[in-house]
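We call the chains A, B, C and D, going by the order they appear; numbering starts again at 1 in every chain.
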């Protein structure tokens, strides 16, 4: 068993890491770390609300009782040399300080954006850009680290990039127009969206989100060589909105392709995408990477987000583009806190184990 | 005072016509008509739910008490020669039968789609295509009617076309990509969306809606001459979705222009659009046709749908297109049951009075 | 394996029966029946929406693919002598005709209210009133049937009666004041609540619900002897409301007891209730009948409804009554479409198998 | 015109005070005060979000543009001798420090709970307990203040106490059982309820709310004499819950009366309650104090909260109590941010002007 630590363990993403790792066949939760304030308590104590005494568990079904007794350590004092991998669910600011400290000693898989845009840091999306792992070698060499930092993308990027990858491969990609309708869990708890602001309403703007989507999509779909990573020359327009949905980001996509993209061929490209990856049989892998619906009323976030425990990407409304007549339109749904966050990061870690980068 | 009848008066749109006309300075409600089942009752009686005895008023604040005592007539027996104008809020199937019957005698302003796509029928959007009224002359001549049928567009078309019109005029239009997030009131009550289907969810498809938006937008922005109406050669991609919002359709729009469209010029084109129309001082006219927000979090349906009593079109998130680099992106909000339905139809009728087509 | 039929199989409750029975260790789905219109099609075909071609599956995760191929029979022609038990999910009107027809030949477990209030018909709530099964003997004798009709209670009664039973047993019950906040799934699909009526809203009335709760609660808690069933002399005030929640009925309860009811004793009475029943190890039984929360913010419908797959009754906010000073207050949550409907009916059937009434 | 200051002017309650006072015929907004951080800016500047530049106006329609230019003063330095009345919308902690400082010089009308439970402080509910104003004399005398502090009750108390008052007067009151379904605006913005916690959910607990309701209701319905205020000997059980509704607290009430309370008499007692008060013609007064619905589906928060601009109390579902057979049950709705907060406080101030306590 590989030794894993979860940093930011009391937060929403940290809790999701706990759920994703508690019965993992390859990783054993060896340590939980959080702010200095929580350190010294058991995990169960650290999650208690001082006012009500209630345990603040937000990530769905509660984990195994034995986990409540694990001690919480201070993230800044954590000795990373004890672990094979650190899963980091802290925010970007904390990540900027803590993650390099850990990466000196071991692999760091992160949901934070702090290092996503650095030249020697790949944004790994399992099944999409396996060849980008070679950037980790560059990173280690340049920074003199034993480990590395491997962030996963923004949750809004995930469903988009997983569906654009087969289009790029089969038909070439020129331009993408995307409007997202994002779930509230994407905003997290601290600074989360108030019910007062979202009941009978939607909010047509999410700060920095569109820029992240554009930048990350081009990087993930870019070409990686010994010389480094060259972002895909793909022009993207993104409009990111928040809607009254709990989990699952829905995106309306129009993709202009370089070669003609007949619908039947697109449908097959979607349906077969990731076959090789799925065949690896990684523990957190979806059984089918992209599930395509013919029912025009699908995908719907409530009905489809839990497909393959939130790890499948679900597509529907596939049709020819009527504005440019050389592309396709579709709607894609991705579970923003499963494939789009902690569990997607665990899947990336599994792939890195498979490739020999962890363990 | 011009004599008006409301047909389909017990339905949701009919109730909105009642509200829009009850204190109107030009039109007096002379008759209310509905199905034969309701005929013979007072309006108040016809709206009572037989089971609970409750009055089924869905359109917001209740109208003046005196209206409850008006008799309801059978729509199919209505003698249209008694009126200057009939406001029709029935569904498409009923409209196909009833509206021609009325149009033999008087003007018919309709929210139904039955005749929208006929060659001699304009889809009038106040302030947008005033020159299309000449089609009404063609219609009268061809059909041998004293009156005419003047439908307003689908509620989803309204906000789109009002914002495309100034872009077309100033910069020329090539292509449009639009994703809508539509309110549940747009689905009406009969066959309306169940709470069971929309709580914590959205539905990525509204049957026939996208086709209507494409067809109507091209027609409304088309060129009208003695020879007839030539639709605008505009390519449109529309994705229409339903979200848990009560009123107000929000649309994310990317518009590719023929000439460069600097943001400041676009902003001014929006802000000044409809100035001439507003100057007419029609009773139901908004004071400003398009309201432009600089706050990136606007427009929001709950905060902005009642701007100018639901008659203003509200725009925000105006920015350069990053996918094609020759257009603009924005978000537009239009109140689907006010400007987008009955009250917009009343405004169209006011314009036809001004132009001498009614009265 | 016992042979089971599901009647009303295409409806929402019927679909829930399918889910509850598909992998059942004791019952095998032998037939699916529905209206004559659906008869002759496969189950998969019968569920298709003619307009969109989409399969209308509303009950959550889809059942095993093999079930789609089962033929649908006409409910009115169903030969009940082929089965050990019929699970009936039709509405009250249809139940009144169909269920006696089946009961001549076999056991009928029903979610319909049609026969609930007949003197020789018990309303069985597993774990609560096992001695009421003797009414089935009376029913058979009086009606000359080989089978019987055993309805389960209204979904709103279930959580209430399961928590009142231990109070009655340990402390005696005098009066109950209950206000429910009910989920929309309780209203079903036909005649279901429109999103238009429930977004940013609640509805303080559910026709007939309060009367059902009062009558059923007294019957279920009544004393059953050879002489028949004597309802409990319990006075109940119920206010039933509908709130924007998908699944899970929440009820605020004040129960006045005959003897003093110290909180610790009440807590224990709740926690230990149903121990004997649970020990039977019936396949659909919850592992704990009543789960008691000390966290004052629980139970919450979204967090707690799926406790023990929707079969546990979850209680919180237990405290002394401050209005009469001789009772307790608490909040109870019960999954209205699991323990409160089809799955609760399956559990009742399992109990009847155990007692020798089925099979 | 009387000179008024609004303290806590940038907060949600403060904004509501601004709306309620901007065109007031008796009060002129003379000063706006907030935290020291906001002091020195104009009101418009103080409301700007530093990140987005957007104006944070949460209270509905924006006030007159001229108000944006008013300077914001530091609450702790405010010279109260400049005003006839201070409207205080700060939280309890700040109120405890600031309000006595102002009350030395002028009347303080407050929505904070800081002084509600002091013996010499009345909780004034317009129309309900006018004789409690004499406590203000006691307060002034005991504390040596020129002014006084007059808080209004918790928003959940308001609808309850307005409907209990006529019952107490006509039939005597013994006990009350109440379950509330409260809107999210009652939780304010700071520490407000997250959409993540309330979509498809309800929360069965609001810290301290039930205790406040019990204590305040007894105090408001108490007897006031020269000797002080004696709380009503009324036993209350309250269960306060939060539901996904924006505005309007709905309460299910069972009230046990001392004398028989025939429904017709109760209905009349409700309908005529406050007639004398209404006759005073105070500017913010509802035209009818309690509006009674016979439609069993009413009141509904979205349909009824704005009755008389949120100042009427709306009652429905009036029926005999079936648990004790000596009381009534009903559902009451009160607008928690209008009659239940700032606008109710302004109405109280108007009454104090009428009685000569202000100005």
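Keep this in mind: contacts are C-beta pairs under 8 Å (C-beta built on N, C-alpha and C of every residue); 3 or more make two chains touch, one makes a residue touch a chain.
Computed from a predicted model, the values in this text were never measured in an experiment.
Peer 1: On a CA-centroid basis, which chain has its centre farthest from chain A's?
Peer 2: D
Peer 1: Count the touching C-beta pairs: is A-D or A-C ahead?
Peer 2: By number of C-beta pairs in contact, A-D is the larger.
Peer 1: Once you find the CA centre of chain A and the CA centre of chain D, what distance in Å lies between them?
Peer 2: 47
Peer 1: From the C-alpha centre of chain C to that of chain D, how far is it in Å?
Peer 2: For chain C versus chain D, the centre distance works out to 42 Å.
Peer 1: Which whole number of Å gives the spacing of the CA centres of chain A and chain C?
Peer 2: 41
Peer 1: Send over the residues of chain D in touch with two or more other chains.
Peer 2: Residues 52, 199-200, 207, 244-246, 296-298.
Peer 1: For chain D, which residues are in contact with chain A within the complex?
Peer 2: 51-52, 58, 184-185, 187, 189, 192-200, 207, 244-246
Peer 1: If you look only at chain D, which of its residues touch chain C in the complex?
Peer 2: Listed in rising order, the residues are 175-177, 179, 181, 199-205, 207, 214, 235-239, 241, 243-246, 250, 252, 254, 296-303, 316-317, 321-325, 329, 331.
Peer 1: Taking the complex as given, what residues does chain B use to touch chain D?
Peer 2: Listed in rising order, the residues of chain B that touch chain D are 52-55, 199-200, 294-298.
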